[in-house]
Amino acid sequence: MAGISRDAFLIAALARLIGDARSVAVGAGSPIPAAAALLAEEASGGRVRPMILGSSLCGPFNDNGPELFDRAGQGRIDVFFLGGGQIDGAGNINLVGTGPYPKPETRFPGSFGSAYLYFMVPRVILFREEHSRRVLVPKVDFISAPGASDVPLERRGGPDALLTGKALFRFSGARRRFGLESVHPGATMDEVRAGCGFEFDCPDAAPETPAPPVEWLALMNGPVRRRVAEVYPAFAETRLGA
Amino acid sequence: MTGPASLIALDALAERIPDGALLAVPKDESGVAMAASRALVRRAVKELHLLCVPTSGMQADMLIGAGCVGTVECGAVSLDEFGYAPCFRRAAETGAIRVLDSTCPAIYAALQASEKGQPFAPLRGVIGSDVQRHRADWKVIQNPMAEGEDPVLILPAIRPDIALFHAPLADVHGNVWVGNRRELVIMAHAAAATLATVEEIADINLAADERYAAGTISALYVDALAEAEGGARPLGLHGRYGRDDGALRAYAEAARSEDGFQSWLDRHVLSGREAA
Amino acid sequence: MTGPASLIALDALAERIPDGALLAVPKDESGVAMAASRALVRRAVKELHLLCVPTSGMQADMLIGAGCVGTVECGAVSLDEFGYAPCFRRAAETGAIRVLDSTCPAIYAALQASEKGQPFAPLRGVIGSDVQRHRADWKVIQNPMAEGEDPVLILPAIRPDIALFHAPLADVHGNVWVGNRRELVIMAHAAAATLATVEEIADINLAADERYAAGTISALYVDALAEAEGGARPLGLHGRYGRDDGALRAYAEAARSEDGFQSWLDRHVLSGREAA
Amino acid sequence: MAGISRDAFLIAALARLIGDARSVAVGAGSPIPAAAALLAEEASGGRVRPMILGSSLCGPFNDNGPELFDRAGQGRIDVFFLGGGQIDGAGNINLVGTGPYPKPETRFPGSFGSAYLYFMVPRVILFREEHSRRVLVPKVDFISAPGASDVPLERRGGPDALLTGKALFRFSGARRRFGLESVHPGATMDEVRAGCGFEFDCPDAAPETPAPPVEWLALMNGPVRRRVAEVYPAFAETRLGA
């Protein structure tokens, strides 16, 4: 990651995952996904439309709170981002806590909209920078949102990819497991394995996650930084600084 | 003030929230009645069923830390950029409060059912999560409209006893302008009673000004209003003032320990009197 | 125009409504796209399933009289002060159209279910009426939340192919301001596509102005816009112009006979070209 | 009805029926009920709160269309007015048409919100000026809204009274029929019977429907007339003229 910040690298990697989506929504407390959505918009010449919770300019959510979920229900959101206090190899995420429920050892904030959006948005990109066995577990202690469902449940979406600070995984809905797609520059395959508590499909040698093109760096330092500051001023100033 | 709403003092407004009330409060930045919440702490309300619409931050954390809350029903409680909500976490881990874990769209859908007088609301997704498994009040039924097998989640309508929020503007008729904060409209429509604090009360009719009408909650929903300049501080209020990051950070740090929280509470809530 | 919506001519907008479309239109005074409806008559659209949200007047009557409608689904079709809707009445009495009788809150609830991605909506009341008895697509189920016997009506969500209305103002980004006409917001959210005509397109950003945001439909819902000054005439448009009572009365009288309606149509719609 | 107009008499009679209600809602195309609701507000010193469809001042319905029904669902409306192309002795109303359905002999506009509001609003006042066997029928041809329901159906309301141009009836939910309350000045009991196609409970001699007090006439000629003009300008000018 020579010459670029870790944040810029992850933003670019998420923006690449957005791909040919038309509408990308970003929930609360998600500065890096928000920047990625804005980068995807800028890089696509406006084809990608970001909807960022808390933004009046990049919403616009005229119904504010409920509208993100309503739009997902209407099928108007192609890509969404979720994190996870724990994520397991079946794509289940846990945003509630570790240990027994309802009296957990460590309580997390809560499931937010995950239990719904994981079903309703075709492609959900999981993002969690910490790549450790504390986060990437064999089986989550609490399923805030399940990675897959048995038919005949109506389900339009689910996990698509998982980006950590060390690697990028793709989720196979058919196999109900992750496959390693690439390893970030500076990380090793051993580190990726050592930090991951769940099994995943793994090629003998994984390619390196590509660095962002120079034009993207210019966009990140310019319009993306300026625009993300509407919702995340501190992040824009301290972590997307030129 | 003309109209059905009455204009009262902040402490009198807090008096209207009885122990054990099902109290709906909005997420940060949508107009959180922080000044009223401090008044609630001072009056030592107990056993609130706090419904976060659909999440909460410092407000829920402070009320929990101060011992005002029996149950918190939420999509999440978090201080966002300032980390986890320390009193919420502690109380959940020790079992001092009951956490009724929900998911944000379920809270909206259940309130909107109440807004429409519907007994329940269907919701897609959620089935198979532990959120659903732990909610004895939710049911899974076969979609009556489907030919084939199609399970769908059913949520009972939620009718809060009281909706409490802070808004930028009210008029002398008791109408309250909330702009595009639709969650506040939903809360007011769904709740049996609405209590609001506002930055200012203007001698206009919001309902008659078509630029404001769409974002105005009719006085008919508003049981009492209190004027409270800066009433959302240290949280922000859309179009009026930003969040006080320094105060939030100080709270997040102080509240990491029980003692730290108590000192913070003594200094910022119990010894202080709100300008009202 | 920036943003996803495209700015097109009135006739091009009418071209986007295919024969057989499930077309949602609002009640009088909420912003009826009369100019676009005349363009629809000129392009001789056929077999529309016209969903009145929740009622209609001259618009439905004219489209029915001109042979554009196969089914009308409504709470009612009426010219209000100007009496019954003559073409609607005639077509219903002769069986030339199918009338899918509904009740106003059922239309709202079914659209709002679609707005939320819910497969169906419960509604109180209605059971035991002939409205309910004649709706094979509605079901009565036991309220899954009730202990005792509690039948409740269930309506399938309605997802219109197209929502069509006229609004006072759009911005250059394609956002459309409808003020407190919530039914238009619901229609746009529920429909697969939205076509709107507007009085004017201003070089502002409605979403960024908090006085307008609550009454603004995001450009993301709007597939195409056409500028049409006076586009609701002879009906009125809130805050812009009143209803032309003389024109309404003349229509109501002319349309009392088939011949009278045809003469009216020739003169006011088929021979005329809309300023667009 | 010496000295006052027929409209003023009916407006006053409806205002009296509103009684001690707090919230009164008026639907579309209802100038006389709208005037009655305004009169009740003026006469009660603001205790009665009218909500008039189409009015921005006497709403205020900030959600416009759906809000009337939502408020009824929330239990926030005490009194509502309905008319009927046909009304029968069991309180059933028909707003759809005469003869067979779906190809009626005479098609009426449609049921509007009656099928819902008749259940949800505690007291519904039926108002139909025409007192004839064409309107007041033994059994309606189409039930837009039923006058009564069998348990266990949840039902909070139903018909309370029926005002025609000749008489005032009260509905008994227990007996599921109307009883004659009073006969308007100028009409006779025989006319009331002759114009009514359904059976009703009838005292030997019915009192006269009282004329409005003079203060009410002043209110009708003043604030009520001025305020009803917001929604019904022609009505205010031609039929509530001084």
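Each chain gets a letter, A, B, C and D, in the order it is written, and its residues are counted from 1.
Rule of thumb we're sticking to: a residue touches a chain if its C-beta (ideal position, glycine included) is under 8 Å from a C-beta of that chain, and two chains touch if they have at least 3 such contacts.
As the structure is a prediction and not an experimental result, all values here were calculated from the model.
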*Give me the chains shared as neighbours by chain A and chain C.*
B
*Determine, using the mean of C-alpha atoms as each chain's centre, which chain is farthest from chain D.*
A
*Whole-Å distance, chain B centre to chain C centre, using C-alpha means?*
36
_I'd like to verify one number: the distance from the centre of chain A to the centre of chain B, where each centre is the average of its C-alpha atoms, in whole angstrom._
28
_Taking the mean of the CA coordinates per chain, how far is chain A from chain D in Å?_
58
*Could you put a whole-Å number on the gap between the CA centroids of chain B and chain D?*
40
_Two or more other chains touching the same residue: where does that happen in chain B?_
112, 116-118, 123-124, 150, 152, 180, 182, 210, 213-216
*At least two other chains touched by the same residue of chain D: list those residues.*
61-63, 66, 69, 72-73, 120
*Please list, in label order, each pair of chains that touches.*
A-B, A-C, B-C, B-D, C-D
*Please give the residue numbers of chain D that touch chain C in the complex, ascending.*
28-29, 54, 61-67, 69, 72-73, 95-97, 101-120, 142-146, 149-150, 152-155, 234
*Hey, which residues of chain A end up touching chain C in the complex?*
23, 46, 49, 51, 56-57, 59-63, 66, 69-70, 72-76, 120
*Along chain B, where are the residues that touch chain C in the complex?*
109, 112-113, 116-124, 139, 141, 143-146, 150, 152, 154, 156, 178-180, 182, 210-216, 238-239
*Where on chain C is chain D touching in the complex?*
26-27, 29-30, 53-55, 74-78, 80-81, 84-85, 88-89, 92-95, 98-99, 101-106, 108, 112, 123-132, 134, 148-152, 180-183, 186, 245
*What does chain B use to touch chain D in their complex?*
2, 4, 114-118, 175, 185, 189-190, 205, 207-208, 210, 213-218, 220
